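As structure tokens, here come the structures.
Same chain, two partners: subunit A is paired with subunit B first, then with subunit C.
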Partner chain A sequence: MSGATSAIGNILIGGIFHAAVLFLVAAGLQLVFGVQKIVNLACGSFYALGAYFAITFVNLALNAGLPGWALLPLLLIAGLLMAAVGPPIERLLRAVYDRDESFQLLLTFALVLMFQDVFRFVWGANPRSLDNVHLIYGKWAVGDFSVPFYNLMVIGAALIAACLIGLFLKRTNFGRLLRATAENRAMAEALGVNVRAVYAAVFTLGTLLGTIGGALVVPTAAASLDMAVEFVIEAFAVVVIGGLGSMPGALAGALLVGLIRAGSLVVYPEFEILAIYLIVIGVLLLKPTGLFGKTAA
Partner chain B sequence: MTRGSALLLVAIATVALGLVPMLAPPFYANLLVPFYGYAIALLGFNLLFGYAGLLSFGHALFLGIGAYAAAVIAGVWGIKEFEVVLVGAALAGLAAALPLGWLAVRYTGIFFGMLTLAFGMLAHSILFKFYHLTGGDSGMRVPRMRLLGLEFAAYNKIELLAGPFYYYCLTLSVLAAFLMWRIVRSPFGLHQRSLRDNAQKACYLGVRVRQFRLAAFTISGIYGAIGGAILGFRIGLADPELVYWTHSGHLVFMSVLGGYSNFLGPVVGALAMTLLQDQLQSFTQYWRFVLGAILALVVIFLPRGLAGLACDVGVAVGRRWAPSAAGSRDSA
Partner chain C sequence: MQVSRRVLLTSIAATGAAATAPGVFAPAVSQAKPCRIGILAPRSGIAASAGESGLRGTQWAVEKFNAGGGIAGRKIELVIEEETNPKDTIERFQKLVQQETVDCVQGIVSTGVGLALGPVVEEARALTIYWDGTTQDGVDEKLPNPKYLFRSTDNECEAVMSSLLAIKYWNGQFKTIAGINPDYSYGRNNMAAFVALLKRFNIEHEVITEQWPKVGTMELTSHVAALKAAKPDLIFSSLLFADLPVFMKQAHAAELTKGTKLVFPAAGWQHTLMKKDFTPEGMIFGHNTLYFDNPKATAMQREFVAWYADKFKDYPNWEADRAYFAIASYKEAVEKAANARGGAWPAIDDVIGALAGSSVESLGGKGSWRRDHIADQTFVQGFSTHANKYDFVTLDPARIETMYSTELQKPAGANFWDWLKAAKFQI
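Coming up: the complex of A and B.
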């Protein structure tokens, strides 16, 4: 394989890997917005929480003598455990469900501030990382192009998550209740849907997607205090591009943002984030419901 | 609270603020200078948020414009008159607010918020990435400037900030507040409130919705840029952090903390935030956590903010006194 094609391969794989993680977090944002109509700024903090905790958890487990190949299951478990912060936070948000959306936004902003100091307190101000443990799964190499198998596994995991979410929303009874609540809360409530339970479940699921996303990314990138506020903005861009509340939109938006980031990093680094915001603004102005949103939002 | 007693309270507060440099160590006057910057910016922000009902989550953009305008005018062009900088910042704010507002006011609610957030982040990435123009993450230096043509050569930077510049900012804030008071009490302000409460009805009655919203957006942008120029002078630096989305979040935070439904609420919020942040920082390195917890408590329990709380207390005290006064008059 020539140098040019391997460079393109690297951009593609790097972009899709980034997109996979973005999709997980953005899907959480979409679920919570779609059903609860809350823009959850704290979803980036859940992502960071998953990342930090996964480092501690994996290091503990590996030191306790678990084999290196257990990494992926360990990361998933770490993400699952941290989703436990979802229900108490949902309980807190209940106080503002009937209020103006600016209050809801601000309450999640308060969570962002608080989480940032929790990370500082527990894990310190310096970036933390797992040193290359993910290379245990080996690399897939063609010529001078190589990619760790771990990255491919994460991409696979995100695809599986996308399918599971789709099946859950379309095929299960609870998924139907959830979509009914998203469509018309008052009517769903009148027909006997336990909206409280739906909200608690949706928020916890949204939290879980965020923490899992953070846990999966941490073998390849360091966890730092800035990651929460940086990532939430990217996830927000994904959601806007794809259309608020739309799952296929989240998938398409994540791919677009991931590939543009990876591509412009190589071609023209100044353009990296700039390109994403230009697209966000363009989408908002031309089709504010996003590429996959409903026309009457 | 009657209008007279409210005016009296404002006058007392202004005099008290004017006494700070004389009675307290320079540290406190120096601490309060950013408060004036934020107070002016938030007076404008609240025209948009409190009166027009549009929540911008990228308003720090205008603070950044003001600070960078100061850096360019005084630092690059070498025009070290602060009045020129203020006019330049206001013009820069106007020039940015007109096109951005024209695009943004086509939406309300969450879409308006997201669009302004995207504008702010776009500006942040431009400032951050174009190193040769903007100095990238290290920003641009804002040099010391003359006030009203006076050099104040005998003062060092701290003394200048805690003395002449302090009074300069205090005067500017009072003027800005007076002007904003006239704006919100005018038919223009009434139009804004009607648009907030029921845009459809207002439109039906002949209010030109977009033009009025654009005007509110532009005025708030100019106020933001003037506040930003003050911040730039105080810090001596304009850097991209000024326009980052968390800074915009802090602006909303201050408005809600003080109470955006009250004219002076955001000013109260800016003062409370400035003092609170200083106290917390000297007390713990985890001040963000405490700040976040306070924000959460205010959002949940005090939706009308500190100013709303003060009004409630004032009314309750008034009620307790009023019947007894009336009773004594009856018996007499």
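Coming up: the complex of A and C.
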């Protein structure tokens, strides 16, 4: 592989990896808004919770003698376990379902702050990490091109998550109920759909996407008190570009943001943030519903 | 330190020993009210770990001083408040001064907060000693001659030292340089200082890319890819928050660190997270004013590090030293001023007079206060090594460099960039 090809390969993979991380955070935000019409700022906290717990869980498991290659299943289990916080929080959010959006934002922001204190209490103020355990899966290196296989697994996991959510929503009865509830809650309720159960399931699924996202990403990064808000801001850019409530939109938005960011870092690093928000402004001006969003009837 | 948001740390232990110890000031003020010190330290956000280390340094000092009779015979009592954004921190400062009526306020890690708080301190006429904050807008001093405020060394000291080490040891071994620095004045000024010093010493160089991730960015693979595409001989980085070990991990995974010279002036803020698995040997690694494993450490530093490791299963970074320096120099000044008054508790002007120009032995080495109320302290940097008992890198004992900040920061009233061009550096 020539030097230029290697460099382009590294940049593309870097951008796609960032997109995968963004998608995992944005997907939960999209799903919850799409069905429940709640802008859940705490989706970043679920991401952080998955990351913090995964570190503890993986360390315990590896210290207990589990082999390093078990990292990926351990991370998935950690994310799955932490999704258990979804139902009680959804129960709390019921108080603001029919209230002004500002109440929803305030309550979910309060959750962000409360989670941050919980993280500090349980894991301390210092960032936590998993060292280099993810390199157990090796690297794909050709010439100057080099990417850990684990990063490719995270990209794969994001794609699989996108496909599974798509299949779930379109090919299962429960998925149809979700979409019906998202389209018209009152009508769905009148037709006998248990909307409370639907909401609880959707919120838990959204939580699961966040916790699994955090768990999968933390081996390449670190868990810190600020991580809950780090990706939420970019995730909002993703959902604005893709269209609020649209899962294909989240995927396209994440890919666009990831690649634009990676490209601008090479061409003109000062434009890293500007480039993303120019796209956001462009979408808001030209197609306010986002690339895949539906126009309100 | 396990403290709630507002905590009084009263007479920590050793009260029995202190009661029987014949302190110098015991006859005059042994029954006096406690000496109340207000602390403003970050306990959440990106600087939380620094705040924690600083609070622990203060805790150790208070235990030690109280065991010896306190400050001029008064036991120390801490009132701890959180440093957050400038507005809220100013409100908490005013509460410490007006409601809690503390004798002295210490803390402040962020220069952004320190800059905003400076005029408030002067207005309140409350003796205040910053740990790590300055009153500089970038490199320009905005409060040249405060009366009540004492400030940290310039933020650029560590970058100047690392730059000098890179020039001293690697001159001729690099030409293309890249930077990845936090996107605020600290990161930008550090990178600019490095380049300015290369020019000053006529080092042939070419800056091929400069990356400016926003503070606390935890996903840096695209930055790493951009750096790798540029193929620099040397990378200069003053990353210092949780993003630093993440960058190093991702750079290692992408094989960016292989064969590239690395200059990291502020890496010591995250030193225990700089694991051997992904942090290479031979990089220039700054520990600022406290290197916990310094083979030339004083008995006091060794005692502190042992206490810290035993109590918290961790090793301190430089914020502990900044905090210790603040409280130790305050103690020294109060006692000097009290001595001059025959043992009576001194007035604030007397303490200020005693503090300016004073020197104490801090945890990481000598520290002193200039007449313009800016600190001078001992800086330690060196080359990373894996040859140690820890799982993170330390400094190669044979290649540790120590410099006093009189060699690293501009003198009172000077312009930083002009000073860089004209200063006599010891290389």
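Heads up, the rule we're going with is that the second predicted complex is superposed on the first by the 296 of 297 C-alpha atoms of A that agree within 3 Å, B and C clash if a C-alpha of one lies under 4 Å from a C-alpha of the other, contacts with A are read in each partner's own complex, and residues count from 1 in each chain.
Throughout what follows, contacts are C-beta pairs under 8 Å (C-beta built on N, C-alpha and C of every residue); 3 or more make two chains touch, one makes a residue touch a chain.
All values derive from a computational prediction rather than experimental measurement.
K.L.:
Quick one: subunit B and subunit C on subunit A, clash or fit?
P.N.:
Aligned on subunit A, subunit B and subunit C clash with each other.
K.L.:
Who does A:56 touch here: subunit B (first), subunit C (second), both, or neither?
P.N.:
neither
K.L.:
Given the touch rule stated above, what does A:120 touch, subunit B (first), subunit C (second), both, or neither?
P.N.:
Both partners, subunit B and subunit C.
K.L.:
Please indicate which partner A:281 is in contact with in the superposed arrangement: first for subunit B, second for subunit C, both, or neither.
P.N.:
A:281 sits against subunit B, while subunit C stays out of touch.
K.L.:
In the superposed arrangement, which partner chain does A:273 touch: subunit B (first), subunit C (second), both, or neither?
P.N.:
In the superposition, A:273 touches subunit B and subunit C alike.
K.L.:
Tell me the contact category for A:15 with respect to subunit B and subunit C: first, second, both or neither.
P.N.:
second
K.L.:
Is A:105 touching anything from subunit B or subunit C once the two structures are fitted on A? First, second, both or neither.
P.N.:
first
K.L.:
If you stack the two complexes on chain A, which partner ends up touching A:222: first (subunit B), second (subunit C), both, or neither?
P.N.:
In the superposition, A:222 contacts subunit C only.
K.L.:
Could you pull out which residues of subunit A sit against subunit B in one structure and against subunit C in the other?
P.N.:
Residues common to the subunit A contacts of subunit C and of subunit B are 116-117, 120, 269-270, 272-273, listed in rising order.
K.L.:
How about subunit A: which of its residues touch subunit C in the complex?
P.N.:
Residue list for subunit A touching subunit C: 3, 7, 10-11, 13-15, 17-18, 21, 116-117, 120, 124-127, 129, 131-132, 134-135, 139, 141, 144, 146-148, 151, 217, 220-222, 224-227, 230-231, 258, 261-262, 265-266, 269-270, 272-273.
K.L.:
For subunit B, which residues are in contact with subunit A within the complex?
P.N.:
49, 55, 57, 103, 106-107, 109-111, 113-115, 117-119, 121-122, 125-126, 128-130, 244-246, 249, 252-253, 256, 285-289, 291-293, 295-296, 299-300, 303
K.L.:
Sort out for me which residues of subunit A touch subunit B in the complex.
P.N.:
By the definition above, subunit A touches subunit B via 39, 41, 92, 95-96, 99, 101-103, 105-107, 109-114, 116-118, 120-121, 229, 233, 236-237, 240, 244, 269-274, 277-278, 280-281, 284-285, 288.
K.L.:
Can you name the residues of subunit C that touch subunit A in the complex?
P.N.:
Counting only subunit C, the residues touching subunit A are 43-46, 48-49, 51-52, 209-214, 216-219, 221-226, 228-229, 231, 241-242, 245-246, 249-250, 252-255, 270, 272-273, 275, 277-278, 314, 391.
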